[in-house]
Amino acid sequence: MRTLPFLVISLVVAGLVFAGALAVGNDYIFFAGYVVLQYVVLSTAWNILGGYCGYVNFGTGAFFALGAYSTVAIYNLIGKNELSHVIPIPVLMLVGGIVSGIVGFGMGYLTLRLRGAFFSIATLALAVVLETLIVNWDYVGGSRGAYILRPENAPLIGSYVRYLFLTMLLLAVGSLVIARLIERSRLGYGMATIRDDELAAEASGVPTLRVKLIATTISGALMGMAGAPFPYYIGYLQPDSTFALDYAINAIAMPLIGGTSTWIGPLIGAILLDSLQQLITVTISSAVNLLIVGCLLVAFVILAPNGIVGLFQKYFQHKDDDFVGRRPASLDEPPAVAPSGSAPESPA
Amino acid sequence: MIFSFDLLTNAIVSGILIGGFYAAMASGVSLSFGILDIVNIAHPAFIILGSYAAYMMNHDFGLDPILTSIIMLPAFYALGAGIYQIYYVAFEKRGQESLRGLAFFFGLLFITEVTLVLYFGVDYRDVEASYIGPTLHLANIDIPLRIAVPCLVSLLLIAALQLLLVRSFIGRAIMAVAQDQLALRLMAVNPIRIKRIAFAISIATASIAGAFLIIIQPVEPSVGRDYIGRIFAICVLGGMGSLPGTVIAAMLIGVVESLTSTFYGPSWAPAVSFGFLLLTLAVRPAGLLGR
Amino acid sequence: MSELLEVDNLSKRFGGFVALDNITLTVPAGERLGLIGPNGSGKSTLVNCICGTLRNEQGSVRFNGRPIDGMPAHKRTHLGLARSFQLPRPFPSLTLVDNVRIPRLYTVEARGVHRTVEEVDEHCHGLLREVGLEAKARQWPRDLTQVEMRKLELARAMAAEPKLLIADEAMAGLTHSEIDDILALLVRLNEKGVTVILIEHIMSAVMSFSRRLVVLVSGRMIADGKPDEVMRNPEVEKAYLG
């Protein structure tokens, strides 16, 4: 299916989802649904760099927080008065996306020449550095946090949370369309070769650094866009909870559980896992919630490496679930070296 | 902040002492990441596990924490061996260690942390020992014993490890497995077994490092997260698998953190080690004493 | 004939180990060069340095008159340098035809040659046909034998439409007739204007294909000339027979 029909169908489905939520008659569905949609965006964004390219980013929380804090900065800039609710959420998303995209590009430029493992550790480092910077920046509240006044209503739609839900719904559709577009394009092929064997990819003519930079920038930008409305959603923003590793583990677990090789995986993973988490948080406790995420992640990664999508393919299409794109076993295979980079080398 | 020479000296000394302790924490990762190329980001969680083991023994039986950690060594060793076996079968053999292996350890980090929260709660726990509390005063320098003792024991531990790596057969096999598995096989040594031993030793160090941690500061389950960056920064800066390098890097980071904290305020300290890490990765990934 | 590849005083060390010691080599366009030497003599290291997979500390490489030192590997491939890996490195999560498609998508396209999806597809199938793998076009590399993987390596290198093709032990394990097929393929390529460097242990193949022979021993070039003369060189005899 070409992209345009897909986009149209997705918008129709989104419309149905919104109508369905309205029909429930209780605003709680919008509060809960917002979080699910937010995670659809975050996991789809993570998967572009993680699932497609094979580079694990632990800094999802940082990009998310950048988007949120961009909104806080604008809110403070415009003045904490009635005028601020005039700024439409899509504009805030755009700003958040640009800020996060630029940071994503910068981080990529500094770290993507390194081997995958170093890159991942560097993302952790970056997340902490960013958090420390924000915590020490009083303009956005620093460690005390930031308050945002959520307007009561949005024009035409009704309560403000419905407006938040709607914009996040559209962002989710957008991110899925982007992921699918990438997956089926030449870029997607290039990303797959990087994931499979970066050395051979370079030798085949794939500009690996450029492809990885594109992935990091898009991924970071989408995460920032998901974070931009968050201050309005939550009302009070605190650095340590915003930057938390909890975002990182969700953004990693959802695609890995859903399936990393295609855009459907993160969608399934986000819907299933976040719904489960909300259920558990409400019925048992939020600590148990994270325990379950951790256990599910470990279980899936060991037993069903291709995720739910993979299991589906195995049982209904008879594709081998064990096969995730591993290199042929070879004892003296040269270690992977970032081709254009400064990682340690050994005799090939 | 008024600059005073005493303040400076004290900051440097305490930085060096803390650095000795950091080295113990990082030594395990030096083994697992530096030598075996396994990105065990759950290592801090195992350290915290060690801290709670020390806490329980200290709280219930009055046992010295460092003594506890030594008693717990076999348990941690077994844990490490078990984890490596799973890691090997599920990921290394399939060639998926870079994505799924990493996610595996991330998952373990959370599982360990949350299990501790569910069992012990989020209150800070600490231990009591004769050397926690008193401070030595040498000239104008204060040396708190609760930092000095772990630092000393840590250096002993690392010296012992280094001796093991350089002198014993197992140790040299471990160094060899990082470089040439085929050659090891040809010598009738099973590289998988060697790697399992090495990883088990790495987790065993976490037991002792955990005892040090709870001696130096009160501990609650999520404290481990603060140390992930420090540990990997030290490992990379120290040259990935060089234990002497790890000690030097640890002390360097300890001193810089201490100075930053003293003169700029403690809220900037976390950024120090991470900033170091980013800098090292950008400029010289082989570290100070890299191989 | 202009010099296509010029390697000048190239040296490569790994720590204290000298893998390549002042290699100087020029390859004119259209050449059929054989590169031989005992295992560990540095042949693959030389290829890695020429192609950009490894960085040499000393010396320089020029391709088509243009210095390519420091250029990332993919740019060198765009310029017309292609190689097959001694230990095959296919892309495991792509089918055979997609494996071969990658250099077309990224290298040939980068030169501004635009073809329709159908043309590209046909070309990829054609390449697989030439190495005898067309029947398995929609299968995965893990379904291949070692020998078939080497053929895939070669097909993928050819897909980049190179000016210079370096075939690194592409024929290990092949039967006599398969070797002849691959040799014929390389000869056809050469007749179309592709310069070929053949790295091989199978002496009959090397002798029949090469118009020039270079011998590498312990990182040093000990002979460079016509195949018959080189094989009669006493140093070469010593290197092979002890």
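Quick notes on this one:
All chains are identified by letter, namely A, B and C, in their written order; residue positions are counted from 1 within each chain.
By our rule, a contact is a pair of C-beta atoms (placed from the backbone, for glycine too) under 8 Å apart; a residue touches a chain by one contact, two chains touch by 3 or more.
Treat the numbers as computed from the prediction; the structure is a model and nothing was measured.
Looking at subunit A and subunit C, no chain is in contact with each of them. Taking the mean of C-alpha positions as each chain's centre, the chain lying farthest from the centre of subunit C is B. Located most centrally within the structure is A, per distance between chain CA means and the overall CA mean. Inter-chain centre distance (subunit A to subunit C, centres taken as mean C-alpha positions): 41 Å.
Inter-chain spacing, taken between the CA centroids of subunit B and subunit C, is 46 Å.
A separation of 31 Å divides the Cα centre of subunit A from that of subunit B.
The multi-chain contact residues of subunit A, meaning those touching 2 or more other chains, are 195, 324, 326-327, 332, 346. In subunit B, the residues that touch at least two other chains are 291. None of the residues of subunit C touches two or more other chains. Note for the complex: subunit B touches subunit A at residues 33, 37, 39, 41, 86, 90, 93-96, 98-100, 102-104, 106-111, 114-115, 117-118, 179, 181-182, 185, 225, 228-229, 232-233, 236, 240, 267-268, 270-271, 274-275, 277-278, 281-282, 284-286, 290-291.
By the touch rule above, subunit A contacts subunit C in their complex via residues 186, 189-190, 192-193, 195-197, 199-209, 261, 323-328, 330, 332-334, 337, 339-340, 345-348. Contacts from subunit A toward subunit B in the complex involve residues 50-51, 54, 56, 58, 110-111, 114, 116-118, 120-122, 124-126, 128-129, 131-133, 135-136, 143, 195, 245, 248-249, 252-253, 256, 260, 287-288, 290-291, 293-295, 297-298, 301-302, 305, 322, 324, 326-327, 329, 331-332, 342-344, 346.
Contact residues of subunit C toward subunit A in the complex are 14, 17, 19, 44-45, 48, 51-55, 72-75, 77-78, 82-83, 85, 87-94, 98, 101-103, 105-107, 109-110, 140-142, 149, 156, 160.
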